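You will see two complexes here that share chain A, one where it goes with chain B and one where it goes with chain C.
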Partner chain A sequence: MKEKLKTFIFAELIYHEDPASFGDEDNLLDAGLDSMGIMRLIMFAEKEFGVTLPDTEIEPDNVGSLNKLENWIKRSGQA
Partner chain B sequence: MLLGPFLHQCDLQPDALALQEQDRWINYRQLLKHAHSIAAALQSCGVIPGQPVAIHLDRGIAAASALFGVLLAGACYVPLDLKNPPPRLSFIIADAHVQVVLGLGVAPAWLDESLWLDIANYAAAIPEPVEIAAESLAAILYTSGSTGQPRGVAISQRAITAFAAWAADLLALSPADRIASSAPFFFDLSTFDLYAVLGSGGSLHFVPAGLSMAPARLSAWLMAQNISGWYTVPSQLAFLGYKGNLAQTPLDALRFLVFAGEVFPTPALIALAASLPQTALYNFFGPTETNVCCYWPVERHRLIADQSIPIGLPAAGCELNVDANTGELLVRGPTLASGYWRDGCVQSFLNADGWYATGDHASLDQHEYRFHGRMGRMLKCSGYRVEPAEIESAVNAMPGVKVCAVIGIDDPTAGQRPALAVVLDAEMTIAEIRKLLSRQLPTYMQPSRYLILEDLPLLANGKMDYQRLRELCEA
Partner chain C sequence: MQPFLAFKILLFTALVPGAVLFYIPYYWLVAPSASLQSPKLLLALPAGVCFILGTAIYLRCVWDFAIEGLGTPAPIDPPKKLVITGLYRRTRNPMFQGVLLLLLAECLLFANPALLVYALSIALLFHIAVVFHEEPGLSSRFGVSYSEYCRKVPRWGFALRAFSSDAA
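Then we have the complex of A and B:
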């Protein structure tokens, strides 16, 4: 899941960072992920992983890094 | 002049709420007192009417007070985008001929300290009254320039006043209004908040920065603050409509939403309109040079998912025309800026007949104007104007770069993104260009794609073959 997210993010949302040197804990928001990027990321994740990500949980804390994103999506899938 | 309606409100209702930022708020009397003191401090620094003063503050109570202080001194403000790297900010300070930079605390390391004026560090005072002519400059807003450097759009008191009066009337602004404010002051959208709203006696509520990433908390904030109107960018509203928890968060007070700066994708607008059936929606259109020249009150029954929405009717007394040969949108009227700021002077951008050629492709369809994209090379990236020439000039100045070209590629997130094709010496690398560019240009100007070529593709006449370049970059 994390690799799919990473591939999508660095192909579609953030271009000017080198994905090879971008760590799972590195801050996606500092790297330029903006509100429109988060929206597309959520649309992608809901479709790709068959989950519904609750509106009220869309927070910088849940989308701030690849690890945080993966944890959040997995949690939402179990609910 | 521009502050006339605001000063009138200060007389009428000095105790009314003017600005709110997080848990801090000030009324009209307090805002005027702050602004007076800043104006007096500027005068004691020798600032004279018409002189540009830079604002090194993020949007909020302090920045709004500083802007009003600059205007009360008869000077004109140059709001800085603090996300810009220092070399770009230094260029703007020098280009604008700024003698004073207003900020809070100590001066940033890149700035000549003698220019810095700390707005927390002055005594309450009343400035000397100044005569302000309608045509004197109120603001210089910097955008990306086709000359390869940032370019200042010089806007008169008259132009902003004309827009603010029109918008206040269109939206029937009143002292009862509580308006959300999220536009940075270096964007022309902010002129609505500062002059239309505060000139009508309403209050401005600064949207806390983190909320743009958390749409459900944003809608909860809009509800809790009883926000009655908001002028913002489509991407923000699209996110609110899509994931703003609006079914559980009734925004009963919200009379209107206005959007500008980007094309609103129609499916997202349909979703928003369905979630907010009581809220009037407006599409405003116009480059910084015209502020708003065209507007469309959204007619819900005419929204069709696969059709773009019109930009609508002439706004604020502007005249519009479409060049019969080129299809370019031409504008003249009261909201037009005075010109570009060059070497301390205003250089007009009007043609011989007094029209401003926008560089936008438009058509007239049954009394309504429609926008069909840009004609020149300018890109619109995440709502910001980006001139490829500015990126090219930065890259061409790097050692080991022989030649480069920048084009725009379509991007569903940002609208467009720049892509860079470059011819390099053996020792230069893309990684190095990335590193150097990130120190010189803001994030939205960073290329999304890099392509190393042996030679740039040229047409038979020796000019760049942008069509071929696009094919190479999109391959």
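Then we have the complex of A and C:
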């Protein structure tokens, strides 16, 4: 899951960072993920992993890093 | 209000809310489907109410930004101090809500499904922009006073008791 997310993020949303040196805990927002990028990322995750990510939970604690994003998707999938 | 400040606000309004409310929906959504020729007159009354309310909210917020904050709604020229007067005493993002009411007026008037999807996407985009960019920025600029304000005034809801910085 994390690799798919990372591939999408660095192919479609963030261009100036080196994916190889970007860690799972590194901050996606500091790396340049903007509002439109967050919206596209959520739409991608919902379609790719077949989950519904609640709008009320769209916050830095759930989208700030690859690990946080993966945890949020897994939690939402179990709900 | 200083003439140059008024000019900057007018320019911002024409460019940003103008694009969100008119240029994008008209040229991208309404004009291609030719729905503009058939506004739904039955919905004209609620659309008119939303339009008047949305316009009044936007103008009041812009006024507070200019008079109280000595700035504009543009991120490159924001208010110099935290604006917590007027509608901002009861809800943290009235300007976004005013723009959304204007979009709702368009949705009602033209009853165009693509326009409704567009409006919902804009609402989600506003939420993301507020949570991920605006709030962290205000928090770092205004620190404790902004945290206290956030604690008492809801992000999108409407506080029954108006916020007072004196009581903070």
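Just so it is clear, the second predicted complex is superposed on the first by the 79 of 79 C-alpha atoms of A that agree within 3 Å, B and C clash if a C-alpha of one lies under 4 Å from a C-alpha of the other, contacts with A are read in each partner's own complex, and residues count from 1 in each chain.
Definition applied: contacts are C-beta pairs under 8 Å (C-beta built on N, C-alpha and C of every residue); 3 or more make two chains touch, one makes a residue touch a chain.
Since this is a predicted model, take the numbers as computed values, not measurements.
Shared-chain residue A:1: touches no atom of chain B or chain C. Applying the stated contact rule after C-alpha superposition, one finds that A:38 touches each of chain B and chain C.
Legend: residue contacts after superposition of the two complexes on their common chain; A:58 is shown touching both chain B and chain C. More chain A residues lie in contact with B than with the other chain of the pair chain B and chain C. In the superposed model, A:15 makes contact with chain B only, not with chain C.
Common to the chain B-facing and chain C-facing surfaces of chain A are residues 29, 34-36, 38-39, 55, 58-60, 63. Contact residues of chain A toward chain C in the complex are 29, 34-36, 38-39, 55, 58-60, 63. Listed in rising order, the residues of chain A touching chain B in the complex are 12-13, 15-16, 18, 29, 32, 34-40, 42-43, 53, 55-60, 63.
Across the complex, chain A is touched by residues 121, 124-125, 127-129, 131-133, 136 of chain C. On the side of chain B, the complex with chain A involves touching residues 210, 212-217, 235-236, 238-239, 242-245, 382, 412-414, 417, 431, 434, 437-438, 443, 446-449.
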